[in-house]
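Chain nomenclature is as follows: A, B, C and D, assigned in order of appearance, with residue numbering initiated at 1 for each chain independently.
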Amino acid sequence: MCVELTSRGAVAEIQSLADAVAATVHDGDCVAIEGFTHLIPVAAGQEIIRQGRKDLTLVRLTPDIVFDQMIGTGCARKLIFGWGGNPGVGSLHRFRDAVENGWPSPLELEEHSHAGLTNRFVAAAAGLPFAVLRGYFGTGLMGRHDSVKTVACPFTGETLAAVPALHPDVTILHAQQADRSGNVLMWGITGINKEAALAASRVLVTVEEVVDRLAAVPGGVVLPSWVIDSVAEVPGGTYPSYTAGYSERDNDAYVRWDAISRDRDTFRSWIDQHVMHATAAVHW
Amino acid sequence: MTSLSTTGSDTSARTFDRDDMMIVAASRALVGRRVCFVGIGLPSTAANLARATYAPDLVLIYESGTVGAKPSRLPLSIGDGELAATADTVVSVPEIFNYWLQGGRIEVGFLGAAQMDRFANLNSTVIGDYDHPTVRLPGAGGAPEIAASCQEVIVLIRQSPRTFVERLDFRTTVGFGDGPGDRERLGLRGSGPTLVITDLGVLRPDPVTCELTLSALHPGVELDEARAATPWELAVAPDLARTDPPSEVELRALRALLATRGGSS
Amino acid sequence: MCVELTSRGAVAEIQSLADAVAATVHDGDCVAIEGFTHLIPVAAGQEIIRQGRKDLTLVRLTPDIVFDQMIGTGCARKLIFGWGGNPGVGSLHRFRDAVENGWPSPLELEEHSHAGLTNRFVAAAAGLPFAVLRGYFGTGLMGRHDSVKTVACPFTGETLAAVPALHPDVTILHAQQADRSGNVLMWGITGINKEAALAASRVLVTVEEVVDRLAAVPGGVVLPSWVIDSVAEVPGGTYPSYTAGYSERDNDAYVRWDAISRDRDTFRSWIDQHVMHATAAVHW
Amino acid sequence: MTSLSTTGSDTSARTFDRDDMMIVAASRALVGRRVCFVGIGLPSTAANLARATYAPDLVLIYESGTVGAKPSRLPLSIGDGELAATADTVVSVPEIFNYWLQGGRIEVGFLGAAQMDRFANLNSTVIGDYDHPTVRLPGAGGAPEIAASCQEVIVLIRQSPRTFVERLDFRTTVGFGDGPGDRERLGLRGSGPTLVITDLGVLRPDPVTCELTLSALHPGVELDEARAATPWELAVAPDLARTDPPSEVELRALRALLATRGGSS
């Protein structure tokens, strides 16, 4: 199968969060929102809620609070994921309510191990139709959907697991800095961020600040402007997650979320109060 | 939960509960090990207790990509900034899974679960039917590949008829599958769960049948209690041992470690 | 096929170059010497010549001067490679003499594209028996040896190239620094160094200096001590290649090598004079 | 090699030779392009000339992992420290090949070769028989995958009966294979060589037959010379053009660039 190779139109546009989300996220899209326990673009997810996007296929290794909010407000039709919980606290109640009771609407699941979903992104970033890994065999995850198959090693004959490339319509990330040309710098735990960006048709990155010149830091990962579509400056945009060098994780907020999210009405009035009438990063 | 105290002492420093015993037993299992894949919660506490006591050079690897993390306080998530700041190196998630875990470089992995069966297979996905679950649990995360590729796995799980089950509602993670030879047939390269540490005692797989066998009881626990907590006919080692209670050094280190937990717990 | 998983014995030993080579490189070994145009461990290769190792299978993406020397002195039985030349200058005359005339002995070739050989290392580092890539089809490299096969994508049916994992007996690298525990830091162009190290049974790293604490630098790659066997302090050990932060490439030496290596006798007396009687990094 | 000068000028700044013309023609081909995969030698000179003239924002990617290199002097190897020091980011070799090249992110790739056939297939492996070569050349390097995965490829090669051959001694790199449809059959995703720039002129693949067709002659070159340098019946475009000679701006920038070449050349 020949895939069309096309270059992106231009360098990243630096715009407001609202404009960036409006330009890159459409109803029915497959939307990866990444950041592995760090650099979670919470504010961007909340802007998607404000804009009332529907029918999304949400992708994330570790769905946590922001996905709970997006699921509870009915943005999502399907979830592709590896581990959906409130880290260090317990369940995601909106996720559970959707899966267990179909509220506010049923949620289709495509469930993977972290290693498996990771390699779906890796295959896509590498322009390959699939990736090979040692995984899934003997688990109930095998055979549950059509995104895990097997492949025989042409050298040893050994049977391995295969997962198909995952190409989101849009990947949303948070980073520490962008320069005025739209080149993006992130550091600390960067997870699957590079692969998720390179796998997607469109890339939106929220950043703590737009600077004249990116910092020179150990462990820095740079995404050049020409693989990014939109950059929005959203200081504190990861709250209650954190951004190394800029903010700390609000562990208490994760605990508060457990109480807020348990009850549908409490959840809805929290969303009304904290998300629907906000315009940028929400602290609570 | 009842509190116990180490022999002949009544100082509060020597009082411990069953979770303490579980963590201390797990930390002892890491003595002599070099590289450990750690999750948050009891495993992280145990691994850091080992670093603080008898295994100061233990290399901790967290799924978030932190290799050689040396946290001075207990992390609250596997992506805690403290882990990144103290690590020898922070690598990407693909690299952690593909090069470090799947590459066979990790000696010991720690796992927990909501349910475990007699062959140490684990469920962390659903209670009830997958498509209409009673309880939707978080899911697999890194567990299946940790169990597949670490040279050994240590399972930490509280022992009760709710967690020890005849039949898993979902098999998230393979221990010994359906029994002898199954790991090899499935292409799983590590040895699997060599040790299960519960709040009641320690179980090890029988070298022939792979079935978990009670090999030690923790202080204050009688065999009947372990049997009652196990819905199947619990195999018991002929030389059933008694776990040494936490020493004063261990308990002091554990208390100090728990006191570093920032924010809420 | 179940592969035995074994942990390494201990952390890296810091020793002399001669001891490190004696401990890690044996006759008949498969030896990868990496460093992509930068950080080339030339002094270690010359120590292998001094110790008279024979029958080696040498592996390197870009065989250059040090491989020319090792081939010309008869260390190598086989070469696994992607591009064998004198960068910016022209041919490797000792390599050519071995291939064209069998001098000093015939040299078996397993030839790849860079992408193909790169993925042989990647598969090995990842504990997989093979890697998949878009490559080789339609080229004369396909079918020339048994290290390129095809595999069908289990999702799309597309046929792709496959290469088998390459596990060297020993990988030799050069890095800027090691700390006293044997943790190694390299920065700048690091090429395939990490994968080559993780692919090998044994790892020897020569470094510019052993320090109390590794530098904190942008772009730094750390290999922890527990994946390394031997570390040897060899300042200038990449000459005439270079080590970012420590030395510059001697472009003239590459040109001089062309003249030295054209003639067998000139080559042999150069080796006698500059390599056989030296003990550390050779500048010329 | 004869030197020429731009029309109506006799200043030495306007004197140029055929290599100059080749480099200038290649630099012009980069105007409007964004991301270019560059090798050392003529391609690197041409790409940096483009940056210095009409394509200041051109992103240069070298196989060594330097993305967005902005060298102030001409590099002598693809691993030159100057490339790493001025790059937006330096990535590993697996990442360059797998994510950036194979991922389809590169617009234009530059290639050279020892031999080329009429379908722009290239040989950089051996002259003579593979197992008993007359001349063992360096080999493939990155060329096969550059030709497979870049959206377009520009070939820079001097035109002579030694380099333009009826039949390659070895096919290192696929241009259009055996003709129309072959790239698709082989699963090669880019468009292949859209432009071949020689010291005599410019060739482009015929949109129907894929055969290289002379579309322009450089200043001072007559059609007979191009035909004589080509061992097959050279296809010539009906609207055969004449390359504009290097402008004063281009030549000045080229001289300045060449003067930065450090060390020996």
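Assume contacts are C-beta pairs under 8 Å (C-beta built on N, C-alpha and C of every residue); 3 or more make two chains touch, one makes a residue touch a chain.
Quantities reported herein were computed from a predicted structural model and do not represent experimental measurements.
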Chain by chain, through touching neighbours only, how many steps does the shortest route from chain A to chain C take? 1
Which neighbours does chain A have in common with chain D? C
Does A-B or B-C have more contacting C-beta pairs? A-B
Would you kindly tell me how far, in whole Å, the mean C-alpha position of chain D lies from that of chain C? 29
Whole-Å distance, C-alpha centre of chain B to that of chain D, is 58
Roughly how far is chain B from chain C, centre to centre by C-alpha average, rounded to an integer in Å? 40
In chain D, which residues are in touch with two or more of the other chains? 98, 102, 149, 187, 189
Among the residues of chain A, which are close enough to touch at least two other chains? 1, 127-128, 133-134, 158, 160, 194-195, 219
Kindly provide every pair of chains that touch. A-B, A-C, A-D, B-C, C-D
Using the touch definition up top, name the residues of chain A that touch chain D in the complex. 1-3, 5-7, 125-128, 183, 194-195, 198, 221-222, 224, 226-227
Considering the complex alone, what residue numbers of chain B touch chain C? 34-35, 59, 67-68, 88-89, 98-99, 102-105, 107, 149, 151, 184, 187, 189-190
If we count contacts the way the header does, which residues on chain A are in touch with chain B in the complex? 36-38, 61-62, 81-85, 87-88, 91-92, 95-96, 99-100, 111-115, 118-119, 121-122, 133-141, 144, 158-160, 188-192, 194-195, 219, 242, 244, 248-252, 255
Per the touch rule above, chain D residues touching chain C in the complex are 40-41, 63-66, 76-81, 83-85, 90, 92-94, 97-98, 101-102, 125, 130, 132-145, 148-149, 170-174, 177, 182, 186-189, 262-264
Chain C touches which residues of chain A in the complex? 1, 127-134, 149-158, 160, 162, 164, 216-220
